[in-house]
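There are two complexes below, and they share subunit A, which is joined by subunit B in the first and by subunit C in the second.
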Partner chain A sequence: MTTFEPKIVCFSCNFGWGYLTDPEVREMQIKHWIPVVCSGKIDATHILKAFRSGADGVLILGCVDGDCHFQDGNYQTRKKVQLLQRVLPSFGIDPRRVRIELSLDPEGNSIRKIVEDMGRDLRPMGPLGMKEISAKPVATR
Partner chain B sequence: MAKKRKIAIYWLGSCGGCDEAIIDLNESLLELASEVDIALWPIAIDAKYASIERLGDRELALSIIHGNVRNSEHEEMAHLLRRKSQVVLAFGTCACFGGTSGLANFLKPNEIQNWVYGEAPTVVNRAKTRPQAETTVGGNHLTLPVLLDQVHSLNQVIAVDYYLPGCPPPVDLIAQAVRAVIEGKLPPRGSFLAPHKALCDSCPRNSAKPPKIELTHIRRIHEVDEDSATCFLARGVICLGPATRDGCGATCLSINTPCSGCFGPVEGVDDSGAKFLSALASLIRAQSDSEVSGILDTIPDPAGCFYRFTQPSSILGRHRK
Partner chain C sequence: MWKTVNTGAARAEEALKQFLPPCQLKCPINEDIQRTNVLISMLPLDPEGAREGICQIGDYLHERNPLFTVCGYVCGLCELECNYQAKGGSIRRRLLKRFISDAYMDRIREKEEINVEKTKEDVAIVGGGPAGLMCAYDLSRRGYRVTIFETSDRLGGALWLIPHYRLPEDVLTTAVNNLVRICEADVKYNARIGEGKYSLDKLRKDGFKAVFIAKGTPMPRILTYGREKVEGQELSGVMYGQTFLYEVSHGNIQPNYFGGKKIIVIGGGNVAFDVARTARRLCGETTLVCLECEDKCSKDGIPADEEEIKGAWEEGVQIVYSRGVRRIMGKGGKFQRIECPHCASVFDETGFNPVFDSTDIVNIDGDVLMITVGQGPDRSFLQKENLLDDRGRLAVDPLTLQSLNKDWVFIGGDVRKIGFMVEAMHEGLVAAESIERHLRGLDMRAGRKREYEPQDIPFRRIYKHEPEVVWIPPEKRLHFQLFERGFTLKEAIEEAKRCARCGPCVSCKACLAIGIQHSLPVVEVNEETCSGCGICTSICYYGSAQWRFKDGGTVSTTDTFRCKACGMCVVACPSQARRMIGDPMDTRIQEVFSTLGA
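So, the complex of A and B:
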């Protein structure tokens, strides 16, 4: 029996997470890791495209609340995630498949554990399978 | 006398409003009719599908197709017209993005049928009758088109050359588009025959918009006093103008109604719903997650609001079954 391992795309802010570590080492540890200049850079479109491309979950790591290098990018993205979580159920997607964490970890050692914890929570939901959904016409009969 | 070029105007899953908009060309229609032969236009002329089938491939200079693709007949006609046409124009929001009836994609087909033919409070259907695609009457076998499992925009079914959005498209853009096709002065294939910027760019209320909008409440239109000058978003009323293509002539705004997004995304954007979601979230001012949550609670049906006209062409597409 094969164990389902959720694919989690992790966007992380360069100013709060893992900036003291060699990015290549971090990439080896976290499969779908996308460092960004600020978590505020993440648009809802990026999250939806990650799902469409086969992600089972999307994790966003931003700086500590009130401590954004660019004023309030983390606050803006947290609001986006909250609103997106209200839209996803209409598409048949569990809102827990998007998560945002605001904290600080220059070494980035905790990223792997946060990804693994999210993976454990998503495992019972099974694969999202957006990649397999076709837009081609299919008769209902 | 040179042989006139042939064009077709056809409806798929459409309310007929797009045809009305073409009829609103008024005298220009007579001018059009003098320059081209209309080979098919169900609302206006008596032509048969068989006469289109008899045409050679690419014999139609232009097919103007409105409506979305919802059943097997729509699909068949879309393919037929594509084969017979040099240029296909996706006309109106349903053809371009799926339109309002694309909201059906938030439900499964059996959920829709159960509601319409059973659970709706005005329906009495003790025999639990459901529409059938085939039946036999007096020894004759009859068939009807089959519902597809989701609503499609036209470009999900056939290749589309040009797009003219709008619910319905405004007369000035229709006249420009038809003229461009007849004169052969067309932009690159795949273009939208409409402005590229967002509606806010031409909105008469834009000048009254404050430098920074911070929302602590979301209000519905009947909850605010009538005001024909102030930006709707500044008053907490959801207006999809920032994420919607310009070109409609701001007709809704002129009658004190916020934009609901019928012109679809601005140039270069795939998913106007996601873009508006991000924009709206950035306008909300709250001190805590629970306060944000309280404000968001006041948006009735956020998915239906952000994707009112564009669900089928959204990044996520239909409800995941």
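So, the complex of A and C:
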């Protein structure tokens, strides 16, 4: 288990993150990177689909609160993420596997570090679908 | 660093119904305000890195408006219609533009001449003010050989009447001199068209196929009381405000010129305030007398801008409201005092028609009287060249600016209708289009008037308050250096971010220009699956997702003119009836998810 490296899907808003850097350069630095025009476009289904496809964590990078190019897209997503985090445990998924960060980094150099930090936090949990499900069986009625 | 690519695509395209952001609608030359706001908001935070981006924005602005560096100091018309006005204060677009302008000054001097072969006809432009310069620039770009005939020894026209504390001299000279250099227009200084042998017909004989007259309003209006001219305007010590500003801008007046003197300025417009504040800076004890009252909301309110009044008041200009001038009195040919009856009402149904109360009269003493009650065109020239109609008005088509008496003459700018600088610039562009149509034998009127609707402000949770404009304190600003502080890079980015981006994507396309998006996606509704629940209408910030009645039920629709393709409705739709066409996100998601290896 020590060699386990979590697969983290990183959605990042184009208006707040890394717009000064060439997308090709960014793509080489960050694995599983999905640039989006607004974090508000990301739905709970996208996150769940990522887990189903084999991701161990989902990271969403949006603009600073109040600075969204599309008015309040980042707020909507944060709302969705927080609700989803409440629901995930009942499916046996640790809510820490979804993370949202509302900040600004035009150069985008910090994205890599944020992904690495999240990876370090997720590493002890192991791959998705192993530990959590056996540790916390879903309560059914 | 991003690189803007200008494909010329960001412009208001012709359509049946078209929205524009209100700022762009208000701007007479329809500058892409939203686009530049977005670009400024995405500049790098370090000044070194930002320089390149600022130059790119400047290049883009310069291409549309070669006088934008001047606009950044004196215009700001767009701010009057900003949707944000009622939500915390208009976006300070003028200061944003000034920010670009300050950083662009060096670049403008290095800019290369336009690369157009001038194979078309010769066109003469009479007057080197904003209208004439814009017309010259636009015609040169179209391949015409342009000659500007300027009465004085420098270009800029009435812009020279703006005091240097508002518009620094080098900003103006750099803008106008480089404009004619870049468009390679020929300039003839001290060329007084209409005087002596220089008639319009002479120009025609010399081979000019069309003439644009933008001579402005060089004649100060004389002071009247009732319908009569007020006597005493020839006394020593009485002068006209425009003449005074002209002399000051030429550097003919020494500092401290009015030291220990009492100056009276008559007039309530912005020019009168320019005169009063300039006199104050020359150490005069200044009083401004105007007909109008201090309440700007009233029908007789003072026409000058709030900022001018505040600035003048802070600098110690005494303002006397609601007073006319009945007599100018002097002794030994020298001005002494004015007699001012109370003005009960300025405007009535017929327009300007002041009513005075002769029982309430005060006398105001002074050493110098400056009359600044408006200005007018050189009518004798227009008369002589047969450009007036039977009723003595300018015979010109307001849409095409073509003279009704001589079809090869076009008239625009202040000489036709006094207005703001950018309105004159707009007329210059209109005239250029008309001259092209006239010389190419095209229809003069087809497709020239377009109707646009201003877009509403989008809904959002947080509206931010406008930043304070920083002025040098009044006791330290009685000189001719700028008194307003510009934005720093950080402030400019913050302020540009505040812009709500009301306008439709087609008139902006900033995201395409810097490669954030590759095309503008379109939201499509599948009416078969749409349940008509209306969740999309409540999530849409732009009023684009709307209900429509269909077959006794409701379905949702998307107004493509309003839609920004943010995708919020697609995500919100519980029956997945909405999808985005031309959006690469789904493909990208599939690509990435397939590498996860579940």
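We take it that the second predicted complex is superposed on the first by the 126 of 141 C-alpha atoms of A that agree within 3 Å, B and C clash if a C-alpha of one lies under 4 Å from a C-alpha of the other, contacts with A are read in each partner's own complex, and residues count from 1 in each chain.
Note that in this section contacts are C-beta pairs under 8 Å (C-beta built on N, C-alpha and C of every residue); 3 or more make two chains touch, one makes a residue touch a chain.
Because the structure is predicted, anything quoted here is derived from the model rather than measured.
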Just checking: does A:Leu48 make contact with subunit B only, subunit C only, both, or neither of them? Give me first, second, both or neither.
first
With the two structures laid over each other on chain A, which partner does A:Lys113 touch: subunit B (first), subunit C (second), both, or neither?
neither
Between subunit B (first) and subunit C (second), which does A:Arg78 come into contact with in this model arrangement: first, second, both, or neither?
first
Could you say whether A:Phe70 touches subunit B, subunit C, both of them, or neither, answering first, second, both or neither?
second
So, does A:Phe91 touch the first partner subunit B, the second partner subunit C, both, or neither?
first
Do any residues of subunit A touch both subunit B and subunit C, and if so, which are they?
43, 49, 52, 76
So in the complex, which bits of subunit B are touching subunit A?
69, 72, 75, 106, 109, 133, 146-150, 152, 156-157, 269-271, 273-275, 277-278, 280-282, 284, 286, 289, 292-293, 296, 299, 301-304, 306, 312, 314-321
Subunit A residues touching subunit C in their complex are 7, 9, 14-15, 19-20, 23, 32-38, 40-43, 46, 49-50, 52-55, 65-73, 75-76, 106-107
Considering the complex alone, what residue numbers of subunit C touch subunit A?
1-2, 38, 42, 44-45, 49, 458-462, 464, 497, 500-501, 511, 514-517, 539, 541, 564-568, 570-571, 583, 585, 588-589, 592-598
Per the touch rule, the subunit A residues reaching subunit B in their complex are 43-45, 48-49, 51-52, 76, 78-80, 82-84, 86-87, 89-93, 128-130, 133, 135-141
